[in-house]
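The structures considered in this document are given below.
Next come two complexes, and both contain chain A; in the first it sits with chain B, in the second with chain C.
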Partner chain A sequence: MIRIEDLSYNFPDGTQGLKKINLEIERGEFLGIVGRNGSGKSTLVRHLNGLLKPMEGKVSINGMDTADPSNLLKIRQTVSMVFQNPYTQFVGTTLEEDVAFGPENLALPPKEIRERVDRALEVVGLDNFKNHSPKTLSGGQSQCAAIASALAMKSECIVFDEITSMLDSKSREQIREIIQKLRGEARTIVYVTHRLEEILYADRIIVMDRGEIVREGKPKTVFKDPDTEKFGLEIPPVVELLNSLESRGFSFDWTRLYSIENLAEEIWESRWKI
Partner chain B sequence: MGIKVENLSYSYPGNQKRKPALENVSLEIARGEFAVISGTSGAGKSTLIKHFNGILTPESGRVTVDGLDTTSREVRRKVGMLFQHSQDQLFEETIYKEIAFGPSNFGIRGEELKERVHDALSFVHLDTRILNRSPFSLSGGEKRRVALAGIMALRPTYLVLDEPTAGLDPESRTKLLGRLQNIHKKGVGIIVVSHNMEEILPFAQKVISMEEGKIVFTGSPEEYLRVGHSPVSLLTRLIKELNRKGANLREDIFTAEEALKELQKLRPEKEREISEKIDGTVMQENV
Partner chain C sequence: MYEITFNYVYGNSLLHRLDPRTKLGAVMCLSILIFREGSFAGMGLLIAFFLLLTGISGVRLSFLLRSVRPLFFVIIIIFCFQLFETKGTPIVTLPVFTPTYEGLRLGALLSLRFELLLLYATLFTASTLPSQITNGIERLLRPLPLRYLGVTSFDLATMMSLSIRFLPSFLENAATIRSAQLARGLDFRHDLRRGTTAIVVPLIRRSILLAEEVTEAMESRCYQGSRRTSIHELSMQKSDWKALFILALFIILILTL
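Up next, the complex of A and B:
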């Protein structure tokens, strides 16, 4: 669904942001993007809905070239973005107005808008807050509200750019569950993060460094790569534990690792192997 | 001595009808202590620490620092504060002026001022060659370091940091935590507001946990993990989950190595061997 060919990008001050990136993202894929600060992750994903235009190379979404301004509206309906700081994204006076903003702009019938807003707020667990002002929500709730806005657009692809960096671990867990629900709906998910434990269950991971893709593969393979730390990433203790258990004959179903309960279950059931 | 908060309540102006941001909070942080304040977003953590150096004054109750009321000017020097998004705190023309701003406000001049600026700069590992540059020419991470240097130049007795690691990559996070440890070794009290408990807990001596404007827990990191008041690391969550299934494992574990050792207790035969060695009895398999 997304095709990136030889994409390069330089910042206004001349520093190189991206160097000849080639990447294809399939429909329904869950792709994790990791890398240190300044490695080019955010610059890359900002090309996916035309916020940035390629300086060299080409980005196309369902065959639509992002460099062609006449495609932009359609592209932005296809790819939604959720950013690190949701506070800067709010426009409505109540949460439901805020979530309705996008679908209203699509000029949908009111009944359809109602259904989409209700459904989106239900998925993120904020149905009880629909008449609250977005400003009164806590950090975690605001982030869920921003996700609901993206859901109400029913876009095929949602890009999450470091959405959990200001969240506590409880909210982070909730977000993993939401993402798992989205996968059930066969949406394409692009997820940028520093935290490897958030993408254990991704279909594929790319590691970025200095504007290039330096590693690519299944989480299981990438996390075992001794070079991962060289790229400024930290293998979280829980992943280290998974690795040592696997070397002792465990074989986890990584696609189920969106919840810690599932992990505990797998360990518990094979505890005789430890 | 230390920071003492007694029956502190606070509501934001114009918001008095709603629940107060802080409700009857009492706590003590000793001089030189490394304390962590945890709790979910909106729990009142940031409101609380703004009382430590008089940015906010109590609606009711009392806050003192080394016996001084927080309205006293001396408290502002004693308690250095690094806010969230500290990279946006900078405003001076040059990095030198930026770092010198605090101490010169307190009447420090000449050689001593210069020395303090240089000390603070080397402390955050920035080169003196950058002193004449504009702080706005720096990257986000470097700006944060300059903001920290500006506070260290005050030579505070207490350093309060609000979510200092949010948005930093693991490398920068480790470096910052190392710096905090060094500051702490010099005898400066460190108070960190964080919801990334997993990374900060190993350094902490005291944990204060907040919920909805109240303190729900005060104690050591070990006690904190045991009672499990607030969000904890995935590793701890995993062990808790296994314990719920019938295991009996230690929950105060930070590394994969320790966890693996602990998980080995799950293996039924192992369990039997160990207990046989200890007291000669045979434990029943709990399968």
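Up next, the complex of A and C:
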């Protein structure tokens, strides 16, 4: 559904942001994007809904070119974004108004807006906080609100740009569960992070460094690659554990490893398979 | 910590439930009345009407009085000015300033006027959510041909609600920067000029960065100023027309007084 061809981008100050990126994202795929700070991850995903326009190359979403301004509204209905800072993307004065902001922009009838808002808040488990102001929500709750706002757009693809980097570990786990739920709904998910453990269960990951895609493949193969640490990424202890268990004959379904509990279950179950 | 509620008091009274447009219209009409009213009898009626509305709203009178207290000082000054500067029959003869009966009357009227204006406005904000006020203003502006000026009523409404939303963040940023600069040895008391720049410049920088992030988030959610709907679409109810009718009767009563 998303096709990127020879995409290059330079920042206004002249430094190169992206170099000749080629990437295709399938419908329903969960793609993880990792890389150290400044590797171009955020710059890349800002091209996916036309916030940035390609300087060279082409980005098309369901066949619509992002460089054509007349496509933008349709593209942004297809690809939603959730950003890093939970507070700056909260534009309403109450939670309900914030989630309604997107559908309101689409000029939907109030009744449908109400339905979408209620449904989205239910999915992220914030239905009891409708009239709360951003100040009374925790960081994790605000980030869930941002996800609800994206859901209310009913878009096919949601891009998550480092959404957990300002959150504590409890909220990170919560978010991971919500994302797992979304994945069940066969939505295309692009997940940007610098924490490898958050994308263990992705269908495919790409590693970025200095504006280029340097590695691509299943999480399992990329994490086993000794070069991964060269690109400023730290192999999390969980992965080291998985690797050494696998080298001793265990085998796991990596797409199910979205929480520590699941991992424990997987280890438990594969114990019986040996 | 920096919650801006514009004195909103949660409630579900008749006054709370009225359409914001009705209330906006009423506040405007009443303000004009207050300004052109020159008799104490009329003022008395306006005060009685205010007390009646306060009673209906369920908002405590002491709360409303407390919110206008900061301006009490200004009102006292206005009163004193009128009292001493108006020419007429002196109450007592003093060497420099002489209070007069005419001054006393004028001063009392003027300070009552200001008090009442403020009180009515506070009652309005106490019974109407900021977002509802914005909504009401937007709906009232919508028929105006604003697009010839390059804006739409939606743009104005979004601007208003964003200001309400981000004012607390702005204050919070200011406080953070202040603490950061104090921690770096900024001496406020001895060099106010430098102290001010040390806070204002980073504050502006931060606000622009914040605005950029907010813009990105809004654009990603398809913001377009030209056409929007609202989850709280306003519609005038029977009680709104009734309220406006009562208001009209009250206005006629005051005018014929």
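Methods note: the second predicted complex is superposed on the first by the 269 of 274 C-alpha atoms of A that agree within 3 Å, B and C clash if a C-alpha of one lies under 4 Å from a C-alpha of the other, contacts with A are read in each partner's own complex, and residues count from 1 in each chain.
The criterion applied here is as follows: a contact is a pair of C-beta atoms (placed from the backbone, for glycine too) under 8 Å apart; a residue touches a chain by one contact, two chains touch by 3 or more.
Keep in mind that this is a model prediction, so the values were computed, not measured.
> Looking at the overlay, what does A:E97 touch: chain B (first), chain C (second), both, or neither?
The second partner, chain C, only.
> With the two structures laid over each other on chain A, which partner does A:K135 touch: chain B (first), chain C (second), both, or neither?
A:K135 contacts chain C only, not chain B.
> One more residue to check, A:K170. First (chain B), second (chain C), both or neither?
first
> Determine, under the contact definition given at the top, whether A:R76 touches first (chain B), second (chain C), both, or neither.
Only chain C; A:R76 stays clear of chain B.
> Could you say whether A:G32 touches chain B, chain C, both of them, or neither, answering first, second, both or neither?
Neither partner.
> Intersection of chain A residues contacting chain B with those contacting chain C?
none
> Provide the residue numbers of chain A that touch chain B in the complex, in ascending order.
On the chain A side, the touching residues are 36-38, 84, 138-141, 162, 165-171, 194, 197, 232-234, 236-241, 243-245, 260-261, 263-265, 267-268, 271-274.
> Residue numbers of chain C touching chain A in their complex, please.
For chain C paired with chain A, touching residues are 1-3, 129-131, 161-162, 164-165, 168-169, 210, 213-214, 216-224, 227-233.
> So in the complex, which bits of chain A are touching chain C?
So the residues of chain A in touch with chain C come to 46, 49, 51, 73, 76-77, 80-81, 83, 85, 87-94, 96-97, 100-110, 113-114, 117, 133-135, 149, 153.
> What does chain B use to touch chain A in their complex?
The touching residues are 40-42, 139-141, 163, 166-172, 174, 195-198, 230-235, 237-238, 241-242, 244-245, 247, 254-257, 259-260, 263-264, 266-270.
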